[in-house]
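Two complexes follow with chain A in common, the first pairing it with chain B and the second with chain C.
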Partner chain A sequence: MSLKNEIAVVGAYEHPRRWAPDKTAYQIAAESARGALEDAGLTIKDVDGYATSGVGPIGVLSMCHHLNLKPDWIDSTAIGGSSFVAQVAYAGAAIRAGLCRTVLITYGSTAASERFAIGTGGGFSQDPPDTFDIPYGPTIVGAYGMVAQRHMHEYGTTSAQLAEIAVTMRRHAGLNPNAKYRDPITVEDVLASRVISSPLHLLDCCMISDGGGALVVTSAERARDLKKRPALVLGAGVANRHNGIGQRDILDIAARQSGARAFERAGVKHADVDLCMIYDSFTITVLATLENLGFCKLGEGGAFVQNGRIGLGGELPVNLDGGGLSSNHPGMRGIFLVIEAVQQLRGESGERQVEDARIALCHGTGGWLGIKHSGATLILGAG
Partner chain B sequence: MAETAYKKPTPRVDEETRGYWEACRRHELVLQRCGKCATLRYYPRAVCPECLSGEARWERMSGRGTVYTFSVTYQNQSPGFRDELPYVLAYVTLDEGVQMLTNVVGCPADQVKIGMPVEVTFEDVNEEIAIPRFKPVAS
Partner chain C sequence: MPTKYLRRDDVALHYLHTGPTTLPDQPPGLGRGVPLLFLHCEGGNAALWSRQMAHFAALHSPIALDLPAHGRSCGLDGPESIDHAADRVCSFLEGIAAPPAVLVGHGFGGHVALAVATTRPGCVRAVVTIGTAAQATIPDDAIAKLRQVVQGRLGQQFDTPYFGSAPDMAVMREWWGEMVKTDPKVRLSDLLAYRASTVATRLGTVTQPVLVLVGEADKLCPRDAAEALASGLSNARVVTIPDGGHIVHLEKAAEVNAAIERFLAEAAA
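Coming up: the complex of A and B.
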């Protein structure tokens, strides 16, 4: 019982706000639910499955209460920012199994207006294994920085190569009216920005914004009766990496496993993929993900991202919305990967539209790449 | 007293990890070796993930290793760390083959290199806790 061509994303909505001190996170999630259901041509009464993920107070039971939902299936997958990508697959499995018919997935966050220092603050528990990390001051940026440092050591990757990723995302953001940062930047700008945790500069790091979004998932059969062209699930995979018992190749990331599963299940080749939506928490995340997904060999990511290859009009356009580096990043970006992919496959992306986009790959990374993280890959096809 | 000035988070000592922290307090770095499959593991835990045996013995490490990777941290708002910027977050691979997240101390941050030989050094925090970190091997 596979998901291939059986499950569809029929509603997708990204909240336009990047700064919303006048709204609560719950409100952003609810407004996004309204947007995604309207997009699907459905109502809240059609929802019989619900999923969300979040930190702190944004629990699934509270969100069910807030939206007055009493669904037959609920999910609160908490594997970090990739959760929403995984939840599309899990929702699909639940629908295939007959547990529910129409799943709403929401996300809302006011990380920026609450001044939540995601990347350079604390955020660790005293539970194992965190208790063995907290004495040493790991930050999210430091965890990703250690991956970048090792990549540079093993393969000679340069800061200028990483910067090219930030420059490309900014170029795409210039084509996205809702993106937070739209003015072009150069490689020199990235290299001249201050180092947060070496070798990552400020402009190698995603922003902290407010925001949210929502998705509606149902069966492909039901999707045929809805108002817009669906995006069909072709394949998915979810995986994780951690330090295990103390042996780790830090450049072997979860995308290697989740991507292999997703490609195998989708029955598509890398050359078939028209665009990628890759969680760009940092520039190194994109580079490591492209390598581990198999778009290039390990160590070749630095060269791969040069010369416009991952830009609009290039061989493999990545993050057409501008990504977390330049469009939005309220803490957990996974849902935006799927939203943009769905809009691209429908041809709704305006100036940043990839011509004749038929297959889109989304990959979310959750957690801390160099410490412990999840990866969720979702391959979607135009319906 | 040094402990009044120590603002960084300290680890929780519990049934699974007490042997490790007691050894650190004696300035000895010990890890568990499984009593059944002989696998060496870090961090300490009661059950071996390889074979699920509950038998283990503490084994003293050489305390020497090399830097596997690192990041010089210039921004961290957390108490304690913000007073010591920049500091070096690193993975060290012990000569026994096991990696630990740690700090490299005892040299300027810009002198830290991947592959650099290092040895353990302990910072006494309070009566229960001493934190193992790594410093360049004296040449």
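Coming up: the complex of A and C.
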């Protein structure tokens, strides 16, 4: 049983706010749910499956209550910021298995107005393996910095090459009226910004914002009767890496496995992909993801992102919304990857529209690259 | 302290008030004594007025506003000009259906209060400025340094000129804790608006009584700058608070509150 051409994303909505101290995370999620359902031409009464993440162990139940939902299928996958990308596939599997017909996926966060230190925070939880890492004081930005340092050591990648990614995301954000940071920046600006965790500068790091979004997933058959052109799921894959520091090569990331599965299931080639939405928690995340997804060889990412290749109008436009580096990052960015991809495939992205976008790849990274992380890849096609 | 939001011009404005809470979208009662509207300094927020809110709650109806993009109010960008900020304040006063209020502003907030008095005199019963100059002299290097913070080249700067001759560590900590809550790019917009303000040219039109408060040891707005402001106004007096710095309303709250109270009694008479 495959998902290919059987499952569709029929509603997508990104909450426009980046700073919402007057709202709760639940309000943002609920407003986004309304937006995505309107986008699909459906109502909350049509929803019989519900998924969310980042709401604590049984927060999904509180969200059901908040949305007045009694769904037949409930999911709160918690693999970090990539969860929402994986949930599109999981929702598709549930629909194919007959567990439900229409799944609503929501996300809401007030990370900025609650002053939640995402990237500089210390360890999580009481996970047994963490007892070997956390005493040494790793931070998220420190972990990603370590990956960047390793990449530079192994392949001679430079800070200017990483900076090119931040500059490109900012250029795209300038075309997105809702993006938080829209003023253009240069490679020099990135290099002159202060170092947060060597070799990553401030402008190599995503922001912390408020925000949220929602998606509606249903069968391709049902999608035909709905308001807008659907985005069809072509293939998906989910993987993890680095369970326990020092056990693996930190440049071999989950995208290698999840990407390979997604391409295989979708039956498409890299050259077929018109645009990528890649979780850009840090510039190095984009570079490592492009390499591990196979868009270039390991070690060639630095050169690959140069000369406008990943910008609008380039060979492989990446993060047309401006990404977490310049548009929004409320803590778990995965859902925005899918929202922008759907809008691009429908041709709704205005000034930042990729011409004749037919196939979009979304890749979410969750957790800490270099320590333990997940990867979720989703390949969507214009319906 | 009760807090509320008021939605105006598609921006939810956050404010502190005293007295009984009310339902959402219902402004609080402003019937006790005089409505006092406190306006924070550049890059500041309403919480910096906690000592004044507590003091005036018994006899008056104090409100402290977070201007858009400051503190807990919505918006990402600071004001384009002092008059732009003043428009927001007028819109807020309309939104809460306030009778003519006494506007109390600190630094940049004082300029905004004076701008409101010149453009919408009907909203303003009297004005109190604290550490406000007629024409702010903000050095280029201070602007340049803040611009570097905004560009990510410098961390937020802990500047000591705000404090008086004998700074208290707890007050410094409180000040710093509140100031870092507003995006430095908003503070930069405030400073640029303050520096470019043309309110000084319109001060002659202000007929309401104005109390010009200044800390004796204010390094950012020295006493002669405060006196220059008062001299441009038809009905103003200067009160100097001994040993006070620029944030005199935090450092010398009792003296500042007493001076405002005396002014209110006289202005009412």
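Note that the second predicted complex is superposed on the first by the 372 of 383 C-alpha atoms of A that agree within 3 Å, B and C clash if a C-alpha of one lies under 4 Å from a C-alpha of the other, contacts with A are read in each partner's own complex, and residues count from 1 in each chain.
The working rule: contacts are C-beta pairs under 8 Å (C-beta built on N, C-alpha and C of every residue); 3 or more make two chains touch, one makes a residue touch a chain.
What you see is a predicted model; the values in this text were computed from it and never measured.
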Quiz item: Between chain B (first) and chain C (second), which does A:Arg18 come into contact with in this model arrangement: first, second, both, or neither?
Solution: second
Quiz item: Which partner does A:Pro128 reach: the first (chain B), the second (chain C), both, or neither?
Solution: first
Exercise. For A:Phe116, decide between first (touching chain B), second (touching chain C), both and neither.
Key: neither
Quiz item: chain B or chain C: which reaches more residues on chain A?
Solution: B
Exercise. Would you sort A:Pro138 into first (chain B), second (chain C), both or neither based on which partner it touches?
Key: first
Quiz item: Between chain B (first) and chain C (second), which does A:Met146 come into contact with in this model arrangement: first, second, both, or neither?
Solution: first
Exercise. Return first, second, both or neither, reflecting whether A:Leu203 touches chain B, chain C, both chains, or no partner chain.
Key: second
Quiz item: Which residues form the common part of the chain A surface touched by chain B and by chain C?
Solution: 194
Exercise. Please give the residue numbers of chain A that touch chain B in the complex, ascending.
Key: 117, 120-122, 124, 126-129, 131-139, 141-143, 145-150, 153, 194-200, 243-248, 250, 370-371
Quiz prompt | In the complex, chain A residues that touch chain C | solution = 17-22, 113, 115, 180, 189, 192-194, 201-203
Exercise. Mind listing the chain C positions that touch chain A in their complex?
Key: 5, 12, 14, 69, 72-76, 151-155, 181
Practice problem: Would you pull the chain B residues touching chain A in the complex into a rising list? | Solution: 8-12, 16-17, 31, 39-43, 45, 49-50, 68-78, 80-81, 87, 89-91, 97-103, 114-115, 131, 133
